[in-house]
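See structure below.
The first chain written gets the first letter, and so on, giving A, B, C and D; residue counts start at 1 in each chain.
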Amino acid sequence: MDLSIYIGGKKLVNPVGVASGTFGYGSEYEKLVDFTGLGALYTKTVTLKSRSGNKCPRIIETPSGMLNSIGLANVGVDRFISEKLPLLEQAGCALIPNIAGFTEYEYAAILKRLEASHLPWGYEINISCPNVSHGGFTFGTNPAMVEHLTAKLRRITEKPLIIKLTPNVTDIRGIAQAAENGGADAVSCINTLVGMVIDTKTKKPVLGNITGGLSGPAIRPVGVASVYRVKRAVTIPVIGLGGIMTADDAIQYFLAGASAIQIGTGNFVDPGIPQKVLAGIKDYCEHEGMKTIGDFHQFIE
Amino acid sequence: MDLSIYIGGKKLVNPVGVASGTFGYGSEYEKLVDFTGLGALYTKTVTLKSRSGNKCPRIIETPSGMLNSIGLANVGVDRFISEKLPLLEQAGCALIPNIAGFTEYEYAAILKRLEASHLPWGYEINISCPNVSHGGFTFGTNPAMVEHLTAKLRRITEKPLIIKLTPNVTDIRGIAQAAENGGADAVSCINTLVGMVIDTKTKKPVLGNITGGLSGPAIRPVGVASVYRVKRAVTIPVIGLGGIMTADDAIQYFLAGASAIQIGTGNFVDPGIPQKVLAGIKDYCEHEGMKTIGDFHQFIE
Amino acid sequence: MKQIQAKVTGNNQIAKDYYKLVFSWEPPPDTGPGDSYPDFPNPQPGQFITIRVSETTVPLLRRPFAFSGYNAETGEASIIYLKRGKGTEILAGKCPGEYIDIIGPLGNYLKKPENKQKPVLVAGGIGLGPLLYFSSMLDQWQIPHLFIFGARTARYVPDMNSLKNVAICTDDGSKGFAGTVADFLNNFEEKELEHTMLYCCGPLPMLKACHGFATEYDLECYVVMEQIMACGVGACMGCTIKLKKPQGYARVCTEGPVFKSRDIAWT
Amino acid sequence: MKQIQAKVTGNNQIAKDYYKLVFSWEPPPDTGPGDSYPDFPNPQPGQFITIRVSETTVPLLRRPFAFSGYNAETGEASIIYLKRGKGTEILAGKCPGEYIDIIGPLGNYLKKPENKQKPVLVAGGIGLGPLLYFSSMLDQWQIPHLFIFGARTARYVPDMNSLKNVAICTDDGSKGFAGTVADFLNNFEEKELEHTMLYCCGPLPMLKACHGFATEYDLECYVVMEQIMACGVGACMGCTIKLKKPQGYARVCTEGPVFKSRDIAWT
């Protein structure tokens, strides 16, 4: 059994990653998680300038899920490179910075600065954050913009380029195809769904930002369906996420067509989940006679 | 306190309805539910011809939700009028047939036949079923088609015309505005989200139809956010649904801007929910000094 | 069909992972004397209830279970269930004195056989409950019958001493006949099978095998079917199975759960 | 900071809706002698743990609770919690001998006051736990202090006999001083307040009032803040509160939960 996978010609030792925004810059979980067991660590989205994020509160639990409206709070790309990346030098797993800009120029500028470091294994491009409403962030809903942006970033880096898709669109396949046409090495889906909770005591939205992004087991069926559809629209690998808590959940994504998966909200519930999921995937492969992740893709037409 | 509401100039005695597809043609729940407590009964979607529906299984539970791929199984409009509607003659609540066609012509044909009966209080137009993939059902994702269809149906009936929106679009507000421009008296949102569950034992999708529609508490934050956004884009009343199980859930929808609500999946969990929700809304209004449903709309800008 | 708060009067393990829940529709103590508390129509064998096992949203949907017995005098009914997932795990934790939200009786039922007919009841796994109840009715009607029960291994076989004429089959031969219930059926001589009628409840492969057997010897055969359910009352069209044309799809909760095996479009 | 399976050694009601959970980080029985079981760093007052209360997805997120005590010799720690929702309801059902999944100790803590400072501890409702623990540390350091506890009514006041110098306030006057803790504070003479330092934990309006009082008399004032949390370890940026410029937002789980009241942008 060999659970390694390739994205853009580069190898990930196993298909289990931790999702952007749920694992900070990595160091926060250092004391709880053995990073060498992780296939990839996707960092919190980095923007060109530092951002303090949205108004509080930023989090609320929902049935089998949660809403967040963090608003891409982060230290900005320069401090990310000088302060955060070095902490991960010894992490022993693939580091995949996740980046977002408000304009194409910003995306490109961030990527150029990161290219100066040897630490990133590749990049995940966030074109889909529902918690920031400014212009640039509608990128993810417009195929032409996605293709143009991807092509621009493709010219900057030879490292794997992963475009992260939003489910808040009429046709996610069109966006995925645009990413592929632009030269992406993979797409990851899904980011969060737009949601809202109102406190009936105060009669106000709970989140300072009014709406937030829904994640967790509640959205897993949406994630699996998205991967299933996207996989049938593109030839590049698909990275699946949304509500994965157990190996069984991850295997659903593989069967739907994912080549790798990420765990997001699950890290909050139990930081041991990535390791447990990887162990469970191995057991399943052994039991079912699967030799590679590719073997999962033959069962559903 | 007066909880009645008006849609298209016609009165509903209270704002609590039961959602299309979750209450059959009404008669199925006769022995369990006192219909006179219901504000409105939205029937299972009726199509021009009878439909036997999708392959089995059609249902699977998900975290705090469920997927269904019923595929609009129904007796067709003629038998609906001759066999089903008469059973509800004495129901004592507003009957709102929900209809769907594969073409504009079909929608119009169904509506014309229903107009011959005095029993419908108004109509809900399903332009958003995710479980039927044929042409006509992409209506709900295209504003121009929605406006045109609504305008056509508007010319056929003077009774309240409610357009039911899908959340599976990039911008639900545009669809809602199209419905308003076409002459709709209200919009209801949301229908189900596209989702999928895979059985890792059989390595096949659980649902015979592969994907299905996600409903229940899991999607409530998406429903509340949709109502909030739609309400700020149109002037006609908005009917909110998605995951309502308790009065608190319903009140979130009212505060978000809904004038009425529907209970769908909740009926399966406990057929007593509509009545409990109505009682809870009354308690809340009394406690908070609300006199009408309109009073709920002042709190969130 | 009623929705009631039923009082748990017993909930005991009867074999590995199998439990028997006994309940009565005594009103909860806070039901005032003035409040009319619904009478439960006498449940018939094959009929079922749905239970709301949890007040939270996980698990969300009600869970269906067939009656395994009913005592009209005490007003007590029972189900036999397999602890297999979230819902039945919670159910196994219910204690006597607690109340459970049930809707029932639901569905059609196993009918009294005509004169001359010789009923053979074939149960596998969770199919035990409804056929135990049917067997007790046959006893009441004084209709002799054979009860065949199949399980994987001895640990899954509950005490069956109440049955007069029972054959136990285990896949591994650890108790009774070694083999499946279908293997057991195939040991019958053709002439023994005259007037035999099959009533079957259990896993799908077993039902299929029974149907095949019945077809081969041209026996009447009733099967109690299962399908995942949402409403349980015929409203959602979710629990359908495929029948042979021209009937098309049928709802297990309403047209079933009992079907003639030859009406089903077996796949 | 460690993640461990802690053994519940006690879980008793101490006032209406208030419970005290005692646990130790004894390894579960299936931890082999070879397996190294993590040592828990000594928790400090103000620090907290997060508990995964359920294996299902409702409730989903871990729940944070402050240490209300720690006994280094027995290795037992405790929390005091209010049963208010789904999570704490499940917690209240945990029995001695069960294991709970906890992560901790988390956050910063209440520091030993300097010489001359006269600590006054002000607790309201669920703010009791961390200040009880701090009070026991002050006793250990032999620093005399006043403990003020506020509750709505007498039923919500647990036994406080372990405290040397305690003032109980109830909104309705059913026990102790009639009024809020802020009312109580306002009864102090200005000169009594020299070198007084406030340590406050409780509902937001109480903390604001304490901050106002501290500002008026120019007292040092520490507050233990709360915010809804997801990760509890500083990774998600979810639990922020607003500080005065230039600090901007601070994470309650990492930069807090203890803040200088004058650093907070009270709204």
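One rule holds for everything that comes next: a contact is a pair of C-beta atoms (placed from the backbone, for glycine too) under 8 Å apart; a residue touches a chain by one contact, two chains touch by 3 or more.
Computed from a predicted structure; not experimentally measured.
Participant: Please find the two chains that have the most C-beta pairs touching each other.
Facilitator: Comparing chain pairs, contacts are most numerous for A-B.
Participant: Which whole number of Å gives the spacing of the CA centres of subunit A and subunit D?
Facilitator: Centre-to-centre distance between subunit A and subunit D: 35 Å.
Participant: Could you tell me the distance, in whole angstrom, between the mean C-alpha positions of subunit A and subunit C?
Facilitator: Here subunit A and subunit C have centroids separated by 47 Å.
Participant: What is the distance, in whole Å, between the centres of subunit C and subunit D, each centre taken as the mean of its C-alpha atoms?
Facilitator: Roughly 53 Å separates the two chain centres.
Participant: Which positions in subunit C are in touch with at least two other chains?
Facilitator: 57-58
Participant: Mark out which residues of subunit A touch at least two other chains, giving numbers and ranges.
Facilitator: In subunit A, residues 63-65, 216-218 touch at least two other chains, as defined above.
Participant: Can you tell me, using the touch rule above, whether these chains form a line, ring, star, complete graph or other shape?
Facilitator: Shape = complete; every chain linked to every other.
Participant: Using the touch definition up top, name the residues of subunit B that touch subunit C in the complex.
Facilitator: Contact set of subunit B toward subunit C: 21-24, 28-29, 31-32, 44, 52-53, 55-61, 63-66, 68, 70, 73, 216-218, 245, 265, 267-272.
Participant: Quick check: in the complex, which residue numbers of subunit D touch subunit A?
Facilitator: Residue list for subunit D touching subunit A: 1-3, 52, 57-62, 101, 103, 227-242, 248-249, 254.
Participant: Give the list of subunit D residues in touch with subunit C in this complex.
Facilitator: Going by the criterion above, the answer is residues 56-58, 86.
Participant: Which residues of subunit B touch subunit D once you look at their complex with the stated criterion?
Facilitator: Residue list for subunit B touching subunit D: 63-64.
Participant: What residues on subunit A touch subunit B, complex-wise?
Facilitator: 62-65, 67, 141, 168-170, 193-198, 200, 203-205, 210-212, 214, 216-222, 224-225, 228, 243, 248, 251-252, 255-256, 284, 299-300
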